[in-house]
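In C-alpha cells below, several structures.
In the two complexes that follow, subunit A is the common piece, with subunit B as its partner first and subunit C second.
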Partner chain A sequence: MPANAQLQVTREATIKAVFLFNFTQFVEWPAAAHGSASSPFVIGILGDDPFGAYLDETIAGEKVATHPLMVKRYREAKEVRGCHILFINAKLLEQKDLLSSLSGRSMLTVSDAKNFTRLGGMIRLATENNKIKLEINAAAARDEKLLISSKLLRIATIFDPPDYQR
Partner chain B sequence: MKSSVRICCSGLSRDGVSLRLLLLSFFVSCVGLLYAQQVKVLSASELKRLSMEELINVEVTSVSRMPQKLTEVASAVQVISGADIHRSGATNVPDALRLLTNLQVAQLSASAWIISARGFNTIFANKLLVMIDGRSIYTPLFGGVIWELQNVVLEDIDRIEVISGPGGTLWGANAVNGVINIITKKAQDTQGTYIAATAGTFVKDMAEVRHGGRIGPKLFYRVYGLHFDRAPTIRPNGEDNTDAWRMSQAGFRLDWSSTPVNNFTVQGDFYNGRRRTQGFPSDNNGQNILARWRHTFSPRSSMALQVYYDRYFRDDIPSNASDEMKTYDVDFQLSFPVRKKHRFLTGIAYRLAKDHAQFLTPLVGILPPKKDLVRYSGFIQDEITLTDSLRLTLGTKVQQHFYAGFDLQPSARLAWTFRNKSTIWSAVSRAIRTASRFDVDYFIPVTPQPPTVASVAGGPNFVSETLVAYELGYRLQPTAFTSFSVAAFYNVYGDVYSVEALPGTLTYQIQNGSEGTTWGVELSGSGKVSNQWRWRAGYTYFEKNLYAKPGHNFNPDYLGNDAKNQFMFHSIFDISRKWHFDVTARYLDYLPQTLATARVKGYVEMDARMSLDLKPFEISLVGQNLLQNRHTEFGTLAIPRSMYAKIACRF
Partner chain C sequence: MRLRDAPIQTKLMRVILLATGAALALACLAFVAHEFFTFRQGIKKQLYTVAKIVSANSTAALAFDSREDATEILDALKTEPNIVAACLYDNEGRLFAKYPSNFPDSEFPPAKFTSGTYDFVDGYLVGIEPVVQGSARVGTLYLRSNLDAMYDRLELYAFITLLVFGFSFLVSYIITRRLQKTITQPVLNLAETARIVSKKFDYSVRAIKSSEDELGLLTDAFNHMLMQIELQNMEILLFNQKLEQKVIERTNELRETNRELQMKNEFVETILDSSVHVIAVLDTQMRFTTVNNQFALVYHRTKADVIGKYYTDAFPQAKDSPTYYDIQRSLKGEYIHNPVVKSRVVNGYFENYFIPLRQNGEIYAVLILGHEITDIMEANEKLRLLNDQLIKSNQDLEQFAYVASHDLQEPLRKIQTFAQLAQKDLETAGASTQYLEKITAAAKRMAELINAVLNYSRLSKKREEFQKVDMNAILVNIETDLELLIAEKQATINAVPLPVIDGIPLQLSQLFFNLIGNSLKFSTNKPVINISARMLTGKEISRHAVPDRKETYVELVFRDNGVGFDQQYAERIFTIFQRLHDKQSYTGTGIGLALVKKIVENHGGYISAESKLGEGASFYIYLPVYHAPQVSLESIPDNGEGAGNQLPA
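Our next item is the complex of A and B:
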C-alpha cells in the first residue's frame, strides 16, 4: 500500500478505536452482562482488525467500574462469546443473518459499514467531511437492554424509523 | 518635503482608495508551504482526554506536502479555523483577519482595508505575502493587497494561517513582516449545497450559493457564486461618502486523487465589481486559474508543481488611473530526506507580471505605463533533527528580480519541543522587500521639470529594503482545544523608503533614506470554559524607532500608522444545541498623527452574533461595531454601527 494511504487509514482507525473505548463510558449494560465484579469487560473485533495494536494501547490499564478492559479478536460470528462491545468489519456484513445471529446477548454492535444502522446495527462510525460522526439506532440498543447516554445521543444522528422492526 | 506631502494628501482627499495607486511597492514571492496542522497528530492518551464533542471534530486526515505540527512550528503563527470564522459574524476576509491579533486591520473606506503585521501599517502596507490557496494576491504594482478584489465564500474556508515575521526561507521576498495564507476546503469537504442570503445595513445584501458533488469515486468538484452590495462609509460631516460598492463573483474547484499518491487540483475564479466614486463609478474585474499536482514518494518525500494565471483590472475614476496586471507563475517544490536526520526542502519558481498602469492625466504617472516584471527565485532549506526534541532549520532564498538584481535571504531557526506539547523556538532571518513600480517608476508630473519646480522623478536608485529579524517564542498546546503562544521580536531595518529632494533642487526622488528598529510581543491563546463555551484571545504590543539615515531628510513617521497595543477576545458559546451566541470584542490603540494622516482615536468595538440552528436551515442575527454609532479606523472616514440577518441552508 502506498505510504500516505497507509497513514490515513491509521489515523482514522486511531480515532475510531478511541470511540470504541469511550462507548464503555456512555453506555450502560444490564447487570446480567457481567459474570462477576472482576470479570473482564470485552471489546471484540469480528473479522479483519483495522486497529492493530492501537486499540490494545488505548485500553491498556483501563477499567469499566471494577471490570478490567480486554480486547478479543474473532474470525467468525460463532466464536463471539462474552463480549460487550463488538466492532464488526464491514466485509462480514455481507452475510445476511449476521446481526440477528448476534442478538440477545446485550452486545453493543459497532461498525463503519454503510447501511449498518439500517440493517439493525447499533452504532455506525461514519466518516463525513473528514471527521468521524456517530449514527445510532437507539431502538436496536433498547431491544438489547442497553442504555445509551443522552450525552452520546446528543452528538449523534439518530436512526429511529417508526417502522423499525427487529 | 512639500511634494511628498502632496502625494499623500492628494490621495487622502479622495476616497482613500486611490492612495493605493499613489504610494506603493512591489514584491514577489513563491508559494508558501508551511502547512500548520490545526489539530496535531494525537496519541492514544491524548485522544482519550478529548470529550465526545471534541472527538467528533477531530480531522481524520491532514494531507499536505509539508505537514508540520502547529506546536512544532518555529515561527509566530496564529491560525483560525473556518468553523471559528463562522462563529464570529465576519462577512469578508478582512473581517476574518481581525480575529488574528498578529495583524493590524484598518478599514479606511467602504472597499479598502490596510492590513499589516509588525508595523508599517499605511497605505503602503507592502511587507506582507498574502496567498489564497497558493496564489499570491498582493499586487506587484505596489506590494500591497487590493482587498476589495479578494472575495471568498467564507463557508468554504478551511483555515487562515497568519505568520508574523519573515516566516522562513520558503516564504519568499514579500514575507518581510508576515505571511497570510488563506486555505479553502478541498472539494471533497464541500459536498452538498449551501445557499445563504444576507440583508443588513452596512452589508446591504449578500447572496452565496455553492454546490459540491463528485464525478466518479475520486474526482470531486464544487462551483459557487456570490454577489453583494455594501453601503458607504460616513464623512466627518456626517454625510454618506461616495463609496458604496458591489461585487459579483463565481468560481470552481476540482480535486482529483487519481491514486493515493497523486493529487490534482484545478481551481479558478472570476469577478466583476463596481465602486461608486466621485463623478462616475469605477469598475473592476478579474480572472484566475490555478492547477497543482502533488505527488508523494514516501511519508517524508514529496513534490508539488503549480502553475497559475491571474489577471485583474481596476479603474479609479477620481485619480484618472487604471491598472491591469497579468501574472503568470510556475512553482516547483521538492522535499526529501537525507539519512535520518535531514529533511531537505527545495524549490524553484518563475513569475512574469505584465503591468499596464494607465494615467489619463499628465499630473501623475507610472512610467513607462507598461512593464514586464520578471522574477526567478529558488530556495533550499535543511531541517536537521539534532536530537529527539531539538530541530535546527537552515535555509536561504535566492532571487533574481527585474528591479533588485540578485538577492540572498538566509535564515536559521531552532526549535526545542518537549513532551510533544510545547516548543521554545528562536530564529534569525534576513528578508528583503524588493522595489515596486511605485518605488521606481512614479512621477509627478509625467513631464520632466526644472529643478526650481517641485516634482517627483521616480526612484532611479531605489534598492531593496532590508530586514534582519531576531525572534524568540514559546508555544504550548496541552489539548486540541487549548493553546497558548507568545512571540517576541526585534527587527532591524535598513534602506527603508524615503522621498527626498535632491540637494539644492525641488526635484524629489524616492530613496532608501530611512532605517531603524521595531520590537514587540504577540500573545495568543484559546481555551474552553465548559463543553458549551470556548474562547480565543490575543494581545499585541508594538514599538518602533525609525529615523532618517545620516545625510537624509525625511520623516519616517509617515511609514507607519501603528497601534502600540491591541487586544481581541472571541467568545464562542452554545446556549443549547440549537442556539448559539458569539461575541468578539477588540481594542485598538490610537494611531499617531503623521505628516499625511490625522491622529485616529483608540477604540473598543464589539460584534455579537445569535444564531438558531434548524437543520437544514440556520438563521443568524449579527450586530457589528455595536458600541459606537460610528468609529474611524484610518484617515477620517467612519464605519457605522451595523446589523445584518442571514439565513443559510445546507443540504
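Our next item is the complex of A and C:
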C-alpha cells in the first residue's frame, strides 16, 4: 500500500530528522570547526533527501550555542564544505572511498546504511522493531576530534569489534 | 488555692516557674517551627537535586526515543524511598516513561511545559522539572515525594525539644527553689515575728535582720514600728487609767443624781396615786404618758394597759367626744374647766380640768384632772325629784287652802248664818226646823267635800299594787252602780270590747265612774256615751309628747253628746275645784276630773279633752298596757344639760 508506505516513510523520516537535530546537543565539535560565533551550523544531506521539508521545519529558528542552524544539500562529495553533520544517503556509500574523502573535517557522519559503522561511518540509524536504534562507531568520531556525550553512548549500541581496522 | 492567697514562697516559685516555662515553651516552639520550615525548604531542595540529576540523565533517552533507557534511569529512584512516583513526558506532552512500573498512568497529571516548580500538593511534594539538553528542551520530568521523612524528622525534633524543655524546667525549678529562699526567708521571718506580735500582743519581740536590701529596710521599719507601738501602748495604758478614774467618778455622780431623781419621782407618784381625782397626762400625739391609781380604778384598766397608747386606741368609744375635743383644744394652749361631763366610758359624771403643760414655752402634754361627781349628780337628781314633789304638794296645799277659803267656807257661812237665825228665831216655832235642815244639808255637803279632798290626797300619797285588770268587768260594775241614774236620764252606753291592762283596780273603777258620771251629769236629755278602745305604740300618739316611743298603750275615748265646753278650758277642767258651770245647774264637787287626771298619771298615762260648747265632749286617755315595776332614780332621764358631756376620761 503506497499510501501506508508513504506514511511509514514519513514517520521514520520525521524521527530521523529530529535525531539529526538532537545530535547537535550530544556531540561537541572542536572550536576549529566553527568559523566565527555567528557562522552557521550546517546539517548537510548528501545525495537524495529522504526528509523533504521535515528537517527544515525541525531546525527552523534553532541555534547550536551562538550558531544558527541551516540545512545544505549536496549532490556529490566534493560539494561538501563547511558542514558539521552530514547525512549520507545509503545509495552513495557504494562509492568506495567516499567516507575517507570526507575525513579530516570534524564532520559527524550519519546514515541509515546497513554497514555504515563498519565502513567507518560514525552513527548509523538502524530500524529495529519499528523503532530507530543508534549504532555508534565511537573510535571514528574520536578520530575526527568529535566528543560524543556519554549519555548518547549509553543509549546507543557501540560498534567496537576487535577486528575493526581503520 | 488561688495564687493571691498562696504563701509568698509558693507565689514566688509559681511566678518564676511560670515565666521560665513560658519562655522555654516559646523558644521550643520557635525551634520546632524553624526546623519545620527549614526542613520543608530542605526537602524541596533535595527533590530539586534529584530532579536535576534524573532530568540530566534522561535527556538522551528522550532525545533518541529510548524508553527502556528512560525507564531504567527512573528505576534508579528506588534508592529514594520517599519518591513515590515519577514520570517523563516528551515534548508533545505524552507520557514517555514512568516509575514505578505498576503506577497507573491516569494518576499522572497532564504535562506542564513550565520551568521548574516545586510545590506541596495534597500532602505530597510535587516537582516538575524541564529536561533540557544544551539549549533544547527534550521533555519534562514529574516527581512526587511523600513527606514521611519530614514528619519523622519533626517527631524527632518534638521529642528532643520536649526533653530539652523538661530538663531545662527541672533545672530552673531546682535553681529557683534555692534562690527564692534568699528573698522569702527574711519575709517569712518578718511574718513570723508579726504573727507572734499579733497573737501574744508582745511588742517587745524584734525581727531579725538578715540583709541590707529593701527587706532589711522593711525589717528595720517594722522593728521601729514595734518600738513606737510599745511606747504608745504605755501612754495609752496611763491614759486609760486616768479615764477609768474619771468614769468611776462620773458614774458615782450620776448614781447620786439618779437616786435623787428617783426619790422625786416616787414622791410625785405617791402624790398622784393618793389623789382621789382621776389624773392623766397625754402627750402632743394624744398618747397616755402618765395615769394614776384612781384612773385605773375608775376605768378598770391597769396602768400598763394604757400607758403609751393613743387616747382613741385605749378608749375607741370616746372618739369625737367633748373630752376628746377638750384635749385637742388644751394641747393648743387653752385652760379648760368642764364642770359636768357624762362619761362615755363608764356610767358616771365628771368635772374635768384640762391644763396644758409647757416646757420652755412649748406645750408638750396636757394634764387632765377628773373629779367624779356621779354621787353629787345622783343626790342632785333626788333633790330635784323631791323638790318637784314638794312643789306639787304645795300646789295641792294651795288648792286645799283655796277650797278651805271658798268652798269649805261657804257651807260654814251657811251653818253660821242659819245657826244665828236659829238663835234669833228660837221663839218662832216652825222656822227652826227648816233652818236645822239646812244646817244638816250644809254639814253633809261639807262632809262630802272633805271626803273628796281626802280621796284625792290619798291618791297622791298611797302606792298600790298593779295587777291585771279587765276593763270590761269594770265597765259592767260601773253600769250597775249608776243603774238608777242611767235609767233616770234614759242614757245609752255603747262600748267596744275593752282590753286587759296592768293597773290598780280601784283607781281604774274611779276613772270609769268619774268619766261616765261626768258625762251623765253634763247632759241635756237622753245622753249617749260611746267608749272606744285601740292599741298603739308611744310614737303613734300625736296628742302628747311620749318619751317612751316603743311602749304599747291603749287609747280609750269617752265621747258624749252633752253640753260640752269651750276648747280654751280643755286644760282647766282637770284642775281641782275648777268648775266651768254654776253649781245651780250641775251638782258635783269639782274634784272628779282632777281625780281622773291623777289616776291616769299614776298609771304613767296621758289624758286630754276635746269639745265645743253645746256639742258634747271627747276624753282621750292613753294608758300603758304593761307596767314597768320600778320607779327609781335610774329610770329618771337625763336632765339634758349633761347630755354628751362626759369624761372619758
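In this text, the second predicted complex is superposed on the first by the 163 of 166 C-alpha atoms of A that agree within 3 Å, B and C clash if a C-alpha of one lies under 4 Å from a C-alpha of the other, contacts with A are read in each partner's own complex, and residues count from 1 in each chain.
The criterion applied here is as follows: a residue touches a chain if its C-beta (ideal position, glycine included) is under 8 Å from a C-beta of that chain, and two chains touch if they have at least 3 such contacts.
What you are looking at is a predicted structure, and each value in this text was computed from that prediction instead of being measured.
**Q** Touching A:64, do we find subunit B (first), subunit C (second), both, or neither?
**A** second
**Q** Looking only at subunit A, is it subunit B or subunit C that touches more of its residues?
**A** Subunit A has more residues touched by B than by the other partner.
**Q** If we overlay the two complexes on their shared chain A, which of subunit B and subunit C does A:151 touch? Say first, second, both or neither.
**A** Both partners, subunit B and subunit C.
**Q** Looking at A:130, would you say it contacts subunit B, subunit C, both, or neither? Reply first, second, both or neither.
**A** The answer is first: A:130 touches subunit B but not subunit C.
**Q** Does the superposition put A:24 against subunit B (first), subunit C (second), both, or neither?
**A** second
**Q** Touch test for A:54: subunit B only (first), subunit C only (second), both, or neither?
**A** Touch partner of A:54: subunit B, not subunit C.
**Q** Contacts for A:81 in the overlay, against subunit B (first) and subunit C (second): which applies, first, second, both or neither?
**A** Neither partner.
**Q** Using the touch definition from the top, say if A:15 reaches subunit B (first), subunit C (second), both or neither.
**A** In the superposition, A:15 contacts both subunit B and subunit C.
**Q** Touching subunit B and also subunit C: which subunit A residues?
**A** Residues 15, 18-19, 21-22, 26, 131-132, 134, 151-152, 154-155 of subunit A touch both subunit B and subunit C.
**Q** Taking the complex as given, what residues does subunit C use to touch subunit A?
**A** These residues of subunit C touch subunit A: 56-57, 59-61, 63-66, 69, 133-136, 138.
**Q** List the residues on subunit B that touch subunit A in their complex, please.
**A** Where subunit B meets subunit A, its residues are 41-42, 44, 47-48, 50, 52-53, 55-61, 63, 188-189, 191, 259-261, 296, 298-299, 577.
**Q** Show me the residue ranges of subunit A that touch subunit B in the complex, using the header's touch definition.
**A** Against subunit B, the touching part of subunit A is residues 1-5, 7-8, 11-12, 14-15, 17-19, 21-22, 26, 54, 57-58, 127, 129-134, 151-152, 154-155.
**Q** Inside the complex, what are the residues of subunit A that reach subunit C?
**A** Subunit A residues touching subunit C: 15, 18-19, 21-22, 24-26, 62-65, 131-132, 134, 149, 151-152, 154-156.
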